């Protein structure tokens, strides 16, 4: 963005205002005074920013990269609805929604029992992997699409909504049929064919951030969903790749907070996958709630020794219950 | 660490216990059963971990890299004392201490007035840069060591403790004389000559994490201070380098939480430097407090347009006061 | 891996051998002497490594994560064959194959003319995007699958093989029909449904590394292709995410070299996407060739001002010709 | 930088020229046509770039951050001179200079013998750590400053120049006295007190890049040396932190190449520290030489089992000799 002052006398005012707005800028011309403004380092939408400084002179802005996302209002609410449960309103800076369940469905977790337990402790959405994206082909690949139906039954029988991942375009029709929220996994964040197909559904979509994606790339993946007409988009931070050696990923809470402030979409946090370490889960969950995130997503397994994936990071139901008691208000 | 089971029958018990402890492991031998255990992906000190599994068989551990740090107890308290203020007890999982003040001392901030204001709103430690480490030699380099004395006067006159950075070994004697806490900046985290000299003082040291340092490297920098006899060490996370493009750094709250749990040293969070964006500071500060960090460190400047460094991220005193009112309990 | 010496006297020999092999290790037991060996920091396959030290005592190894990949021999050759061109033998530490062409097919590049030109200067494989994975839905998405056929004609008419990307599972049958090598793009490296489908074809696959993927994750994505029976796998490094600010990505030449040495699959380098800067392309290409990579992949466009994607990094045919003349031997 | 066209008709010409120059830009105004130009994503110095487009209209540029560095000419040569050896001309895109020697001086490496051997195989500069910056205080800290003198004797007796690291400001006077090139280690890249003191000397300085430093920060650290009057600055890439798990660091050859092209200072490559893996050293060295780097820096130790640091990555003299024979021309 380029701002050319109408009037030299406004230099001080312009400078003060840019600093007060926290906008990175350089003076590139002196007669007239011209500011080059780095709009990307800002929580303001380009239009809003232009408006805030338009009285100072001429504002030139470049074409917006995410025009649909830039129309989303702060406080945008994604409502999850169904016959089996009360509507769940997912938005930032409100009471955080709890999502919990096993990483994968398997014969060792009685998902009905888990659902009943989670309902009792205040969880509103049941998660459970049916088709699992696994780093190695030799690892357990999930029970398959039929798991969607099992998950739905367990959730709905207990007044919960359900969420699971669609891994392939072929999964979409079943996912739309059985799930209340469809998850796009981190590894598929830029699987644009899948995004387009999901954008044409009208189901709420939870879009996880790829571990190597910048915030801008994550936003533009959401723009794909919006561009097909689906604005029921929930973002989910689950850790990026960086300096972590002792943890699985680097949980980017500040980056996720930028997304809350810059774009209006609700943002959830998944500390289980991000850290891989159950001992710091409560701290991270408490942080996420205090930061106003729309929800938290946690892994629990009734019998971790038999969990077919992510056993180390899964909380026992008892630990989850204690954590929920301390943190849920 | 290697665990050789005394008895094949204990396999299930060993497996369960390792999973319950959240310890990454692989089975490498079957007759007898041998587990290779990745102790680094764990919040347990090697000795404690060995003890927890020693009943199962023979435990072999490699030499510890941070023997002094591994003796620090959880809940380790760094007490800052002086005649001018009540003792300040800095520790994790207690009430977070607030540290605030301008990035740099300069003629435009009346540090006495700032100190009086900060005292009123509940801040306990006054920060202010006297000698500034700046990325470019053409940027303001600070007022020099005489700033230490000015800072001390302003702080002590108002019942606050003071903290500032020692940039060079030559700064140490003045820093010891005038400051209540001496900061080691992120760029000097592995300036081992400086660390050794500060380790020989008995002043509380705040050790910032370098933007490219792993958690282990940060811990070992603390080990340098401990190895010279100074255990009054406070760690401070201020952002690492990674995928951030819109923010200055990636604030590694989960990594800092690992440090709280793995080592007993108090950990503070500096969201101002980490994010560079005043609009998300309150969220990040709220998160840090909820996560049980020992303190938060914020930049404020009475007249940001004249601030000689970091103007964009400095909060006005009014904004800081409002934030403090909402978050301090 | 755990090595228990048969005999204390072998300590010095064991230590020397591990150091000579460049293997990271710690002594964890002294009676008998036990070494814990970090096999991941090594270019040796676990079996080979075990063999190299098995005379020293008992070696315990954990289950291999990539058993199929570990069977690939050094010097593994992927042969691209067709009626229209001589067989192309792609392997490491041999003459590097040149792959070039436009980022996207579009009406402004006469792909037939480009193909004829590239043939003349020594290029063996014609690249050209038909279906483009673009960060934003508002950017040019490619001409569609019909582009495969156009590309094939242009290539084959000029004695070149052709490569293009399959973005979706739905693209696979056409890709198999028209393309000589099918590319899996960086964003789809862990689109496991796509990998499995391509693994069931018998076409050579070029598997680009995701910008956030570790080397191990990249290897395991190749394992997916192998696990379905396709071992015609070429890896391609195109830049990872990290500290780069002035460049598009960080080109990980040393990491790609590790892949050459640790696994036998041929590795190609794509410096155009990695750097985004045409001025350093020649240096990077020269480096890749000197390092023994199986091939280099470069973008060229006859009329960059009309290129629908990646105009800035595309070389003009003249620049490419000059570069080829200097570097191809 | 902002470019305002004098004339609408020049749009096509302006667009073409910016693309041909490979300069990232956006159109921000249409009447008149205004381009916002991202000068940081470019190998051109701001002045040169402005000149290349100044005929098109009015060019506004912001103040330069590294004015001294921007005066350095391409092909800038750092000449290392002494009585004991022929002058060594260090510059990019010329014959690469070989620097080799042990990581640390210790009683087990006869540095005189090593020097004689290195001389014979074509190495021109002897490296050897006297004071070692070690991650842990419990690791070998080096033989101390007296090592400088030993190193000098060994080098000069054999017609080699010598290089070693100054870790502290207190080391500078001895370093100036005994060394031909003074190394600033990666951990001290932003130890500004040390940089200023070295800038006031007139010795050639080798400035290693910090593992978390952006290219711009590295350039500005060089600007510190220049700002005190010393332009005998050699940059050295030794690996940054990122996705590497199997290697010690990510060797940023493309980033280092950007430095060669954007700034005129000679750049050397240290693949030993960067990768930590002797098996890929030859590939990386061959790449560095082909890319036109001013020199390569390699670790060798006559008796690696007794090396007090970095044993795993040190080449035996025989391996180094073979590598030199293959790569040195």
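Should a chain be cited, it is by its letter among A, B, C and D, assigned in written order, with residues numbered from 1 in that chain.
Convention: contacts are C-beta pairs under 8 Å (C-beta built on N, C-alpha and C of every residue); 3 or more make two chains touch, one makes a residue touch a chain.
Because the structure is predicted, anything quoted here is derived from the model rather than measured.
Looking at which of A-B and A-D shares more C-beta pairs in contact, the answer is the pair A-B. Taking each chain's centre as the mean of its C-alpha atoms, subunit B lies 31 Å from subunit D. The distance from the centre of subunit A to the centre of subunit B, each centre being the mean of the chain's C-alpha atoms, comes to 28 Å. Averaging C-alpha coordinates per chain places the centre of subunit A 41 Å away from that of subunit D. Residues of subunit C in contact with two or more other chains: 212-214, 216, 240-243. Viewed as a network of touching protein chains, the structure reduces to a complete graph with every chain in contact with every other.
Those residues of subunit D that touch subunit C in the shared complex are 12, 15-16, 19-20, 22-24, 40-43, 212-216, 239-247, 250-255, 257-258, 260-262, 271, 274-280, 283-284, 286-292, 304-305, 311-313, 316.
Within the complex formed with subunit C, the residues of subunit B that make contact are 1-2, 26-29, 34, 36, 60-63, 241-243. On the side of subunit C, the complex with subunit A involves touching residues 65-67, 133-138, 167-170, 187-194, 196, 210-214, 216-217, 220, 223-224, 227, 240-241.
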